[in-house]
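Each of the next two complexes has subunit A plus one more chain, namely subunit B in the first and subunit C in the second.
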Partner chain A sequence: MSISTVGAGPAVSAGPAPLAPPSPARRARKRSRGLLLTWGFAAPALVVYATFVLVPVGLAAVYSFFNWNGLGDLDRFIGIDNYARALADPVFLGAMRNNALIVVLSLLIQGPLAIGIALLLNRPIRGRTMIRTLIFVPYVLSEVVAGLAFKLLLPPDGPFDGMLTALGWVGEKPLWLADPDIAFWTLFAVITWKYLGFAIILMLAGLQGVPEELSEAASIDGASWWQIQRHITLPLLGPTIRIWAFLSIIGSLQLFDMVFILTGGGPLNSTETMATYMVEYGNGRSQIGYGSAVAVILFVVSLVVALLYQRFILRRDLAGAITKGG
Partner chain B sequence: MMNRRSITRRAAVAATTVLAIGLTACAPAGEGSADGDVTLTWWHNGTGEPLLGFWEDVASEFEEANPGVTVEVTAYQNEELQRTLIPNQLRTGSGLDLYQQWGAGELAAQVEAGYVKDISEDVAGQVDALGGVVAPWQVDGATYGLPFNFGIEGFWYNTELFAEAGITETPTTLDELYEAIDALKAADIVPIAVGAGDGWPAAHYWYNFALKSCSPEVLQTAQADLTFDDPCFIEAGELLEEFIATEPFQDGFLGTGAQQGAGSSAGILATGGAAMELMGQWNPGVMGGILQEETGDAEATPPEFLGWFNFPAIEGAQGDPTAALGGGDGFSCSAWSPPECSDLLEYITSVEVQTRFGEIGAGVPVTPGSEAGIADPNLQLVFDGLQSASYVQLWLDTAFGATVGGAMNEGIVSLFGGQGEPASIVQNMKDAAATL
Partner chain C sequence: MTATLTPPPAAPSRSTAPKQPMVRKRRGRDVGTPIAYLIAIIICTITIAPVVYVILGGFRTTAQINRDPSGFPNPWVFDKYGAVFADPNFWTQFGNSAIVAVATTTGVIILGVMAAFVIARYEFVGRGFLFSLFVAGLLFPLTVAVLPLFTMLRTFGLLGNLFAVIGPQVAFALPTTIIILVPFLRAIPAELEEAATIDGASRIGFFWRILLPLSWPGLVTVGVLAFVASWNAYLLPLLLLGNPATATLPVGVQYFSTAYSQDTAGVLAFTSVAMIPALLFFTLAQRRIVGGLTGAVKG
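For the complex of A and B:
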């Protein structure tokens, strides 16, 4: 004989109260207590989130309609003038172009590079763990430390130029951070160095989810290594690639620390991004209203890109990941 | 409208208050408690020695001399203090009594917003004693702060490299400066280091050309009205363009910072990589700090080969040939500070404290009678230069305020990089002034 302790079946013998079906009133009480608990636990986090995220975002939106230097009353309403000014400023448009270029270059260069290295590292080779660790180290460093290190390495006749000379480079070296035509590419190279490890680790994790049986079967059928990667591994790695691309795009749009430390947006605004431009005006030039308008533009661009990406590219990957609860 | 405005304002104040309390964990200060005790909150930018310890000593001496008064003195990193902490705290209307103040454009904006106390009557004696150097801390004839350090800019140069290039006398005219540059280049020495990557150090060349091209009256009108129509401003850009064309600067100057590390312009001069740098009175101290970091020797001092000369006069230019460009540091009392605030400020600018300020070598004291304290020979050179200058113009970016100043500096750096023209610097300034 089995005794059921769950469900709404008849109570067996003198079963204790919990075995009986809860009355509607009791269920409601329980639910309200659950709700209270949920909100009770969430409240501190919500307060912090509202204070440090929602309120500042809302305030920035309000400030962006005023000509305000951060002092005194907020009393000079100028409508959308700040937005019009930003979108007409060649320096800001250049900053937007730089952000867009970094997005595209990251996707076109960092992605394939990371996938390629991950595929190589996924094979049994000697010292694999050490190589993986070495590749991941730059990502672990803080942006400030990495930026400062490259700032110290890259001045004219600095340690990096010395290394090039030792390796046999003769003649003039490029001005890595001081030539407006080169600084952007130096910046991109440093960003790639910094974030490639993260992309590779992500891809390697994704590769763990690709069943080996498929490759083995294909191999038995006579498929080459390249054919296996092209037709089996890469398609199955799709969700990982799409998530990495999402993180990369958002990160590229909001790029700040590395640029701020390495070049400060210079020389001649050649490495300016939307975020460094915002800080330069909002903080450096005491134009809080204008800086806020730039912040709102950056926020909207990031939000729109994120939503469109989720709607059209991540939809399939996220299906089932977000449940309705209950 | 009125309601909405007051709601947003309250929200802003609430948010900044939360931030301020979170960041500084300080109790509202400046309010006397029931037993008559007073707490003064004092913020300055002297995060390193000797200034840090010096201000702490001054605070405790003031406490001893004034029973019932507590001085809470805190040092913050300069840009953080100037651009973020002070404006945020002032907006809350409490919690700050005595704070670092650079004067002119920024002070005027704070006064207009009602945050700064008019101390004209409290410190009338000091204002008389200090004379012209108080001007940047005055708005419409009223005094809103006092300086404790004021110096002028000039070329800091390497006497050994000058000797190596066969230069026997420091240049007093622009032509002589060009000759010195040629002589240094001929001796395979980089003539001048400039930290154009930080903007302002490059901009100071234009300021000096403007100072020598424009009459003091034009400069004063420009500061008061933010009008830049006089042709002398474009002339300054043309003089600068000629100067840049002689290629006096180190390679990659567009990417060089001014004051951090051996690769900065101050570091290049300190380590013998260039013969000159145009910089303010603080430069020996900065170089000493860089050498301490580079050599690991905590006792390292500014290089002994240093010399100093004022920016040379320009033949035939409209400006005053003996005018100098300079600026200083001061302190202001917030509008809600207790009366003890101006007492403390008076003590800071007393002959006794100022003499000791000169002795520690952190800057050039301003109170007459304290000159004897200037122990550093380099600071003595700056002080002599200040004494012999007929007119001292405050740094133009400070004088015009952050908005116009930033746009002006950006335009000048573009000229350094071979982009833009003399007229576009002036246009940048006019455009920025129009957004105010």
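For the complex of A and C:
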């Protein structure tokens, strides 16, 4: 870092601001040097990001217009046929419906659950750190490990059924992962197990930013615990909730690993998501063109949802965050 | 980071000042605390029961498991864990995971902090666009890019090479990293930079000698997140690395469970060993993660 000695260090700092406006030429030179430095800092990240994110996403868009198996020349242009085929396939439409259902269920069930638990745990109780660590465990485990664990827990007459028997469940137990009517709900339960901890920790983190004096003041004024949560804590937690909801929506739309491990999309496509469908066709059956069209649909859905969300819900949180420097 | 998050020091919230009325009004809390404990116990039981089952299962034999799926090890058997540690594939995959995770984390931190630095602190044409471009990365799921990545890397003959996973993982971790770091770097007062400039520091000098040391906690946060994400990554290694000898641990676990599907206890042992590094690492770094999330959310 020898460059830092270039400026005339001590001499300048001695006098208070002997700064005549620099000549335009010098200013321009300085500015272009600054610009060079700026882009020099940004360039490595930009290059890697472009190479491995932007270019492949662009290529996916190109491939989506071809009938291509990934080998040989990319010469069978078929226009929007891949898209038409996907949108006419009941299995793909079912996958989209599953994604949509997971989005809605996550928001309606995981959100309130996480907020409620976080509010209850946001008090000085003993073993708080330990509780937090344990709550976060599922989120830290890889999807593969978690998925395999549940696969081993949930077979007919498996450990989970054994536990239900021990708890007094009589009669038949559902085929958790093998019954098309039930597998989706099992999947959702496992997803909730996996990601609820993240939501709770996020909410707890947000609650740390809610000044305690407000609740205390309200409490002195005679507000009940519930009134305090409802009228003070929850509104102040708003930004956290909105960010969580955004992450949850995007995550639900792009769900892959857990489904792939746990059910592979089955039985009878009942747990298929857009992503598992795409990998099945693109990688499993080497229909790169068709898989890419599915990928583009997945991307467009995510984008539209995100833009709408940002436009209508996140706007006030983000206002000024991007354009105003500090 | 915490400096910008905790409420201003003007109000030392848990101080002694208004204690009397609070204690009286907190009767609701006295009822609430046992409930909080109860809920905490229920939640923690649900979250760790499957994990405990997997770990204990590794200490049983498959015959024991088949006889009584939900029982305890009786007697305790250590062979299965021994077999995992004696399996050369396990160590290869462990090594691959370690290399990929360390390289990914290093790459993400270096590239991320450099880009976040200029985005956070300098006005220049295209800054808003650059930031939006990285933020948009959140919307580019790996699944969208994975088929072209596969064909691209095959063209370059990189399939099966660990670089094939490291590059894309760095790239896909950049958006989150930059989003977390930008508010963080912005929070460092401009006066510090002015002072440094007056003392003759160049922009690089400021970055290197003042900004980096100050942003250390933020870097640790994004580093931990990148490391855990990389350690757990599945889709990319699955498609780009291929066979058990070049795979990372999650893919290896999956291979093992398919190849030895009859050996339930063995699968459980392999699975538990595979989750230990992430758990350990996370436990050590968990305060950082929570702190980092607070920053990201408030940013």
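The working rule: the second predicted complex is superposed on the first by the 302 of 326 C-alpha atoms of A that agree within 3 Å, B and C clash if a C-alpha of one lies under 4 Å from a C-alpha of the other, contacts with A are read in each partner's own complex, and residues count from 1 in each chain.
Definition applied: a residue touches a chain if its C-beta (ideal position, glycine included) is under 8 Å from a C-beta of that chain, and two chains touch if they have at least 3 such contacts.
Just so it is clear, the model here is predicted, and its values are computed rather than measured.
Colleague: Check the residue A:Pro235 against both partner chains and state whether it touches subunit B (first), subunit C (second), both, or neither.
Modeller: A:Pro235 contacts neither subunit B nor subunit C.
Colleague: Pick one for A:Asn283: touches subunit B only (first), subunit C only (second), both, or neither.
Modeller: both
Colleague: Per the contact definition in the header, classify A:Ala149: touching subunit B only (first), subunit C only (second), both, or neither.
Modeller: second
Colleague: In the superposed model, which partner reaches more residues of subunit A, subunit B or subunit C?
Modeller: C
Colleague: Determine, under the contact definition given at the top, whether A:Val57 touches first (subunit B), second (subunit C), both, or neither.
Modeller: It touches subunit C, and subunit B stays clear.
Colleague: Is A:Thr38 touching anything from subunit B or subunit C once the two structures are fitted on A? First, second, both or neither.
Modeller: Only subunit C; A:Thr38 stays clear of subunit B.
Colleague: Taking the superposition on A as described, I'd like to know which of subunit B and subunit C A:Asn67 touches: first, second, both or neither.
Modeller: After superposing on A, A:Asn67 lies in contact with subunit B but is clear of subunit C.
Colleague: Go through the superposed model and pick first if A:Thr263 touches only subunit B, second if only subunit C, both, or neither.
Modeller: Once the two structures are laid over each other on A, A:Thr263 reaches subunit B alone.
Colleague: Could you tell me if A:Pro112 is touching subunit B, subunit C, both of them or neither one (first, second, both, neither)?
Modeller: neither
Colleague: Quick check on my understanding: which residues of subunit A belong to both its subunit B contact set and its subunit C contact set?
Modeller: In the superposed arrangement, which is not itself an observed complex, subunit A uses residues 51, 55-56, 59, 70, 152, 157-158, 283 for both subunit B and subunit C.
Colleague: Can you list the subunit A residues touching subunit C in their complex?
Modeller: So the residues of subunit A in touch with subunit C come to 1, 3-10, 12-13, 34-35, 37-39, 41-42, 44-46, 48-49, 51-57, 59-60, 63, 70, 117, 120-121, 123, 125, 127, 129, 131-138, 140-146, 148-150, 152-153, 157-163, 166, 193, 197, 200-202, 204-206, 208-209, 211-213, 216, 219-220, 222, 224-225, 239-240, 243, 250, 253-254, 256-257, 260-261, 275, 278-279, 282-283, 288, 291-292, 295-296, 298-299, 302-303, 306, 321-323, 325-326.
Colleague: Along subunit A, where are the residues that touch subunit B in the complex?
Modeller: Answer in residue numbers: 51, 55-56, 58-59, 62, 67, 69-75, 85, 151-152, 155-158, 175-180, 183, 263-264, 266-268, 280-281, 283-287, 290.
Colleague: For a test of understanding, state which residues of subunit B touch subunit A in their complex under the given definition.
Modeller: Against subunit A, the touching part of subunit B is residues 5, 8-9, 11-12, 15, 18, 83-84, 87, 90-91, 106, 109-110, 112-115, 196-199, 250-256, 261, 263, 401-403, 405-407, 413-414, 417, 419, 435-436.
Colleague: Residues of subunit C touching subunit A in their complex?
Modeller: Going through subunit C, the ones touching subunit A are 5-7, 11, 13-14, 18, 21-22, 25-26, 28-29, 32-33, 35-37, 39-40, 43-44, 46-48, 50-51, 53-54, 57, 68-70, 107, 110-112, 114-115, 117-124, 128, 130-134, 137-152, 167-168, 170-172, 174, 178, 183, 186-187, 190, 197-209, 228, 231-235, 239, 250-251, 253-254, 257, 264, 267-268, 271, 274-275, 278-279, 282-283, 286-287, 289-291, 293-294, 296-299.
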